[in-house]
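The chains carry the letters A, B, C and D, assigned in the order they are written, with residues numbered from 1 in each.
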Amino acid sequence: MAEVAKGGTAVAIEQHLTGRTLVVRLQGELDLVAAEEFRREVEKALDQSGARTLLLNLSQVSFIDSSGLGAILGRYRRMSQQQGRVILVGAGAAVLPILELSGLLRIIAHYETEHQALAAS
Amino acid sequence: MAEVAKGGTAVAIEQHLTGRTLVVRLQGELDLVAAEEFRREVEKALDQSGARTLLLNLSQVSFIDSSGLGAILGRYRRMSQQQGRVILVGAGAAVLPILELSGLLRIIAHYETEHQALAAS
Amino acid sequence: MEVRNTMQLEIPAVPENVGVARLALGSFASQLNFTLAELDEIKVAVSEAVTNSVVHAYPEGPGPVVVTAEHDGRELMIRVRDSGKGIADVAQARQPSFSTDPERMGLGFVFMDSFMDQLEVESRPGQGTTVTMRKRCQAGQQPQAAAEEGSARSGG
Amino acid sequence: MEVRNTMQLEIPAVPENVGVARLALGSFASQLNFTLAELDEIKVAVSEAVTNSVVHAYPEGPGPVVVTAEHDGRELMIRVRDSGKGIADVAQARQPSFSTDPERMGLGFVFMDSFMDQLEVESRPGQGTTVTMRKRCQAGQQPQAAAEEGSARSGG
């Protein structure tokens, strides 16, 4: 598992490629500032890797708001355009209610662990 | 191990008696508000238990300032008066430098784990 | 409401300050008897309101955002005010999915509305926008959140 | 110092608000390239200065505390001001272990001094006290703290 990119001030972003899946582990508070970083870093990694699946591990995300959701939705749109997909993993008590309320979970699959997500994909 | 008292708004305080040692596990930010609670709860537990040793587990304390130190020093003074003692356990990166700078570690022993502290006491 | 505590925070409308407001208000709210889940909701609401002032209010460069809050031990009031361009049609702006920015979700007001008990939006084009939110907590002497966090972690 | 960001927080001098100030300023400071250890130091310094206004300034009941901060990306300035009773002998007050309160340690000013690069205390009896602190961070584009925390935790 090679590390593709790591960036971040507000969120720590850790990425690696496993097969054709780009695994991105986010950590911190996914608000306006972090969403901007996330967008930039993940777009770069997607361009470089040619990944077909984007797995976003949210288990270390302690906060998300509509700006953070927007950044996830934006990546979902990009992947959909190129027949790829986005999978969410491990959203906790502070994040899951927001994902549900926004309706995002009706279009993006969510698994409890990376293992389950990779097995299902 | 019986729970003697649990209180707290700013810090979570968990206490139990093991032999004649009162074990208090603090959690949160040990500032002015928390120091006041800590003082109140621990004094009550010391009065009730007749403990000879007060073990303060700081491993879940994420912040301490001079108000928090003052509350520890106050308990040290009380225990010393009644020929008892205070032991500190598990202070982390945010707490240890403050303990050192204050000189408190020159009068109060500090161990990495409760196990080590209880073995040595 | 007999005010027990107040705060006022003034910041320029730049993205970095959304977190400053959220953390300050989160700490202020934790003085009341809210659950951890309710504190998370309050943080989202603050984040949305301040983000709106940052993203929408000042197209010509960051102006001031003033966040005030007060509580009486039972009810929390939070007000976020900017002196920016304002909103022409507030009812429309509050609709789910309505956004003037194609990159955004149009869920800011929806979240403020869902997560707080009461939401009031006053705006005059060219004058600015004031968002006032209220949330009540359970009766009780002590904030719950710290105790919850304690029992969630305590092993012995 | 070409100011890049500023903030102002006004709170009544009650114990619960020490945490509000500490969290707000901690978040503001994290906009600079400080290490996690340095951010902890800044939080202690803020906590001490605000605690002093809460504990010492207003014996007759809580008055206002105003915390302002600014930074230019390299240097952080934090100012804590009260309009309380003031300090007659500032040099004496700054001595290690000096306290007018037997329950306290007299380490507040010592910590502010140790943890910040510069500390200035202006006070006039009956007029109030203003504490100004400065700390510089390493040159660098990005705040370090988030990256550190990331690498500390990342397992894969």
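General remarks:
Following the convention adopted for this analysis, contacts are C-beta pairs under 8 Å (C-beta built on N, C-alpha and C of every residue); 3 or more make two chains touch, one makes a residue touch a chain.
Fair warning: this is a prediction, and the values are worked out from it, not measured in the lab.
Under the contact definition, chain A and chain D share the contacting chains C. For chain C, the chain whose average C-alpha position is most distant is B. Inter-chain spacing, taken between the CA centroids of chain A and chain C, is 26 Å.
Centre-to-centre separation between chain A and chain B, using Cα means, comes to 41 Å.
In chain A, 10 are the positions where the chain touches two or more neighbouring chains simultaneously. Multi-chain contact residues, meaning those touching two or more other chains, occur in chain C at positions 16, 19, 22. Residues of chain A touching chain C in their complex: 10, 29, 31-33, 36, 63-67, 69-70, 73-74, 93-94, 97-98, 101-102.
By the touch criterion given at the top, residues 5-12, 14, 16-17, 19-24, 26-28, 30-31 of chain C touch chain D in their complex. Against chain B, in their complex, chain D makes its touches with residues 15-16, 18-19, 22, 36-37, 40, 43-44, 47-48, 51, 54-55, 103-105, 107-108, 110-111, 114.
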